[in-house]
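Quick one: the structure is below, questions incoming.
Each chain carries a letter (A, B, C and D) given by its place in the written order, and its residues are counted from 1.
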């Protein structure tokens, strides 16, 4: 079987990853990436499903307006997306490729996320993607979280599994998910029922963090995580009243001061004894000009808790502060919960399975049963759904040296992790046959 | 007539002032000062009224508890107060001395305030009262606003007027008021009717500020002020919930953070285009120990506006912030308005009268029709009452070099101002005869 | 002489005003406006000066970058500016038209400012410019401060004065100034020496505020102001460090929290007893996304004081807070003073001149010697220069009913004020002949 | 052996506990408690050491001033302390009782802390100590953390061990420690060498918290903890400048605003990914009166980290904020580190020992190898010293239902825990013989 994981596959993984990296697409606009994935799966012989066949509408978070979507679809087509496939997507990127062996056997699913981030990639020598010429050409978007690698690994797995199709039983679902980064891309697929027959579920992520808080380096593996944070994303806008700060200062209702007060006090929320609480106001914009009392201000925050109790506590306190600051400054407040992701836990049995299979993949040398996702990932939505139906699942960390931290403009990871990752996932499928 | 204002009177003024200074008494506890004043007036032949004869109950601000009052009464008696007179005061210091000439003529009143401040006087060489041995022996209390001088001037005026009684007509009321410093000592006297028959009213204050913002030095006089601020004094207490900051931080409701947020944001209230607004949170106490989430916090503030509109605006904003901060931190709030003083304006005619008489007092060399009180003084309550009944009044600034600023622990003023001040007030009475 | 101020002139004033309004141009981009003005003055026979002949370089505030200026020049030409004139302006809009009678006599200058604001005009029925079809077509720019009217009045004055040229003596300078709104458009002209020979200087502004704080309505006039605020405009940027708020929160240096702390505390700066202090952080932007600790934040503020002492005090406190907040959060700070305008005072003699002439203009019915500019205007730079050389000057408020407040998106003023304003200024010139 | 743990012992434990509770003494003033303990140990035949024989000077935190200590010593003597013993203590409460069997064997030490807290005990029906008449008579002091019970247990252990002396080998040290609550009472004993020969060390605490965050109830036991927090206690005072908020607001330097800003921002310090960080500003006092700009403010905080790295991080951030806030408001800052306690870890072997012995004590029914101290306890200083010399140690949680939370004014615990606790400790000694 070694022959499946050769130099050619490695080259393909790297080429794919760099292609996805170059044409970075953020949540809900992964039309080109989905098109490339769909076409490749079709060519390999997968039963490929798109758009409303794999996703329900109305549960997306941060879904852009029509004009923006139109623009992004066109941009994607200009950059090589198949216009017919884009049409089939009906505004909902994402691909599910199904390999049904026709034989009785396990139903296994893998989740690969595809979206980039709203960061401007650093364009300087010293940054590998820039030096090698595959830095993102889509201004303001960049793959700073490794999803380009995940998608490539998914395509590698697709190729190898199809080659060994005859040896397999049951059904395999390769889920290429959009909008992991704050878009709730998973929940639409869950609600469509994609996960309902799945018995074994695996999601992957390069990097991750060990329990000692240090990053998982190349050759390391984390077989499961229990710390998916329960995550609520909240947008706030304050509407006050403009006034001239000299001429009629008392007439103004200062929305910017309200937002600053809210921000500072939100960061002062006390921790919770039952688990990690992480709250961040990450973006704030207020006011129109220096000589006008700021009539409006907006800010975006994220409240994550180690479990629902902690997250509920955080959300309650956040809401009290948002409303309290508004009433302090007599401004109107609009609060939108623009996203939420539940916590979840890897299954012991799934962890052991990964742990055992990883021993057979040469690359891995440092084994951790449990690690930390250090935040949230809506793979948790999928794991919970699988568990609900009696299946098991886990979230695997694939160690990779990286440059700069996750979500940084200069993020990059060791591409060597991709080939052994394909091997690991394929061998998991094999193991499940037995 | 010159003979009235001689070295002996000067010595008496200085001796009196130093005596009052040494036995400094704060608002509502001026028992010894009142006793000394009452006795002197009686000896001079004044009709002296005390306690409930000159003041109604229930309108005082910051009136201490019974135990404290008992202690202060005893302290006063130990320091020389007449116990019988203290008894007559019935817990309400203050003295009104009436000189009724029996002849038809004007009813004139002078207001002298008597209370000290809750400051610890500085006890160091370089501080004149300390060097001369008349620094306050009442720990934590000190005459840092010159009321010791006002009271002495009042006694000087009493003495001279009685000597020239036969030349006088009408009635003269010498009002020795307690609790000017935030106690609302005037309003109880106003409500008792003390001012109802008064046609001419004069209050005095050493120092004051000229319209150019600089202090009025020795030899200067300000004949009136129009900027008594409308003043509201507010006490706030927040009641949260204690908790161990490590063991159960999420259980706490942090009253100290609420108070800090309120304080900062109260100081951020925008100015008002219709006049000066001055808001100060001057005192805050919160928490019980470093390793407990603060269950309580209290703070005291003052909101002053150049007129009622501005003060109303300030109070409205202050209240919004106090309540908003409480709801931010989910703590209970108790808000007490513990005092208020209205704005007022000196009468043109009274100003001109002072301006003209001041020309006849040698000491004065620099004349200002209008100056600034730079805050509030509840003489405004009395002026308003006099004006309501058709009388006129003003508030006179008696220039005096001083060491350190008002309300500072090292405050002291030029005692030479006292003799000419007596002369001025006496000559005002004479002028009113004509 | 009445014949000069007829219906035709009125129509021209209104047409001009609406034309300038429609093609609103903000500071340093008034190319079309300047071109229209220059051409008209040339046609009338004025000696017209532009660009480096009337302005020195390097003293401008908020001067845009080259690319933006190129774009604005082209926009102006597309909208009717003369490309040759724009070239002569050399990137410095502004026009000076000189009428030299050749006869000995007074040198008189008028200042008309031309720039619009960075506001998006409201485009709704009920807003007169929108209903009449002359709302700004330049997105995000609008005449919300009446400078469109000032420029039209200037052209009206130019026309009448030229007609009566033979009756005049001395020299008249019509100064059409760019960049009054925070750009320091005056100082470059001052430094070029434009004001050096001026004996009488008048600047105008529609609206203004009476000393009672109420707006000056149609038919009112304010003959001078003494409250130009000393104004410093400051831009701050904080550079911290991005980090994942769950994964490595301790690595971040939160620039947004620093900016919020700075903003709140800047608004807490205590007032100054020597005069009005107005500080406003009017615009703030920080952070990149909700799930990133904000690596950067920028804010813009204005610190104005009634005189230099007060403004210096404010600036000192602002700087301490900006730096203190930066060190609190261990972020780097960059502080730019992007503008400053001095305080100034109208001359008594100039005020009386205006007061007397206004009696002869039918429209005016309510006369105020002194009013309030309620902020700052760099006409103060010009007045100071004229005074330095022994001349006199004043700043005239031309009462006009208006819709919405100054700097609001729905601002509009009573166009009927323009014709009598031309008459007033022309009659001032006549008066100066005598 | 059962006979040792009878009703009489139980009664004695309860009597002792109530006696200590009634005469609650806070850190460094435990003279009466120490005297009672020393006397009892002497009577039992222990070699009793006091004062400078068991403690070095100069390493105490929060050691009171001489006057206060004198007062407390006298208070203690009035309440029954032996004046001779108090003299021997030389200002350093604390007792070590040594039982040297003379036979070769293990050196075992137990730590019992004795100090109360600066809380006013609640004096209301419903509060058991109040109802039973043993509420603290020392105003403002109360045993709200169970140390009264610890001391009683220590005396119980002392009694039983002495009775079974003949069966024992080696040496037993009963350490009655003062000033656990923020006073660093342990470190002076450690530095004196008290722990240097100890091979087995056990500290106890009633209550504690299970790993699930819930309190350990009666019948539960926790055999060790690994989460002693590294704790730094910091006192801050800001010195600004008083000024009248109306008269000369710009002269003031507002220490209270600086303290509020510091407090809010200190609570905004981001968490650390390597472990729990707990920072609390628990007490703040600022200002002198509402109508004075606050010249001074003081606050007390505690910064605890799961390990030294985390605590160092917290301290670094705290210091930056304290200094930054001071420079914001141009006030002087004085920062004192008034205490610190290291983190520590229970030894596996010691834990197993306790776990096994607890099976033999009837009362215990719910066994936890590991629990949480949920904060810090300077037993960690002793454990580290023992470990340094090759010994082992642990910190034992003795489950007890309690009323209200730790450090609350209404805290009380189930006295039934005391007898089985004595039994457990005695059986540990027996076990160590084998």
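Brief remarks on what is shown
Assume contacts are C-beta pairs under 8 Å (C-beta built on N, C-alpha and C of every residue); 3 or more make two chains touch, one makes a residue touch a chain.
Here the structure is a predicted model, which is why all the values come from computation and not from measurement.
Ranking every chain by how far its Cα centroid lies from the centroid of chain C, the top place goes to D.
Chain pair with the larger contact count among B-D and C-D is B-D, by C-beta pairs in contact.
Computed centre separation for the pair chain B/chain D is 50 angstrom, with centres defined by C-alpha atoms. Averaged C-alpha coordinates give centres for chain C and chain D that are 68 Å from one another. In chain C, 245, 247-249, 251, 254, 257, 261, 264-265, 267-268, 270-271, 273-274, 276, 278, 293, 374 are the positions where the chain touches two or more neighbouring chains simultaneously.
Residues 245, 247-252, 254, 257, 261, 264-265, 268, 270-274, 293, 310, 313, 317, 320-321, 323-330 of chain B are the ones that touch chain A when the two sit in their complex.
Chain C makes touch with chain B in their complex at residues 213, 264-265, 267-268, 270-271, 273-276, 278, 374. Residue ranges of chain D in contact with chain B, taken from their complex: 117-119, 181-182, 209, 229, 233, 242-249, 251, 254, 256-257, 259-261, 263-264, 267, 276, 278-294, 297, 300-302, 304, 374-376, 405-408.
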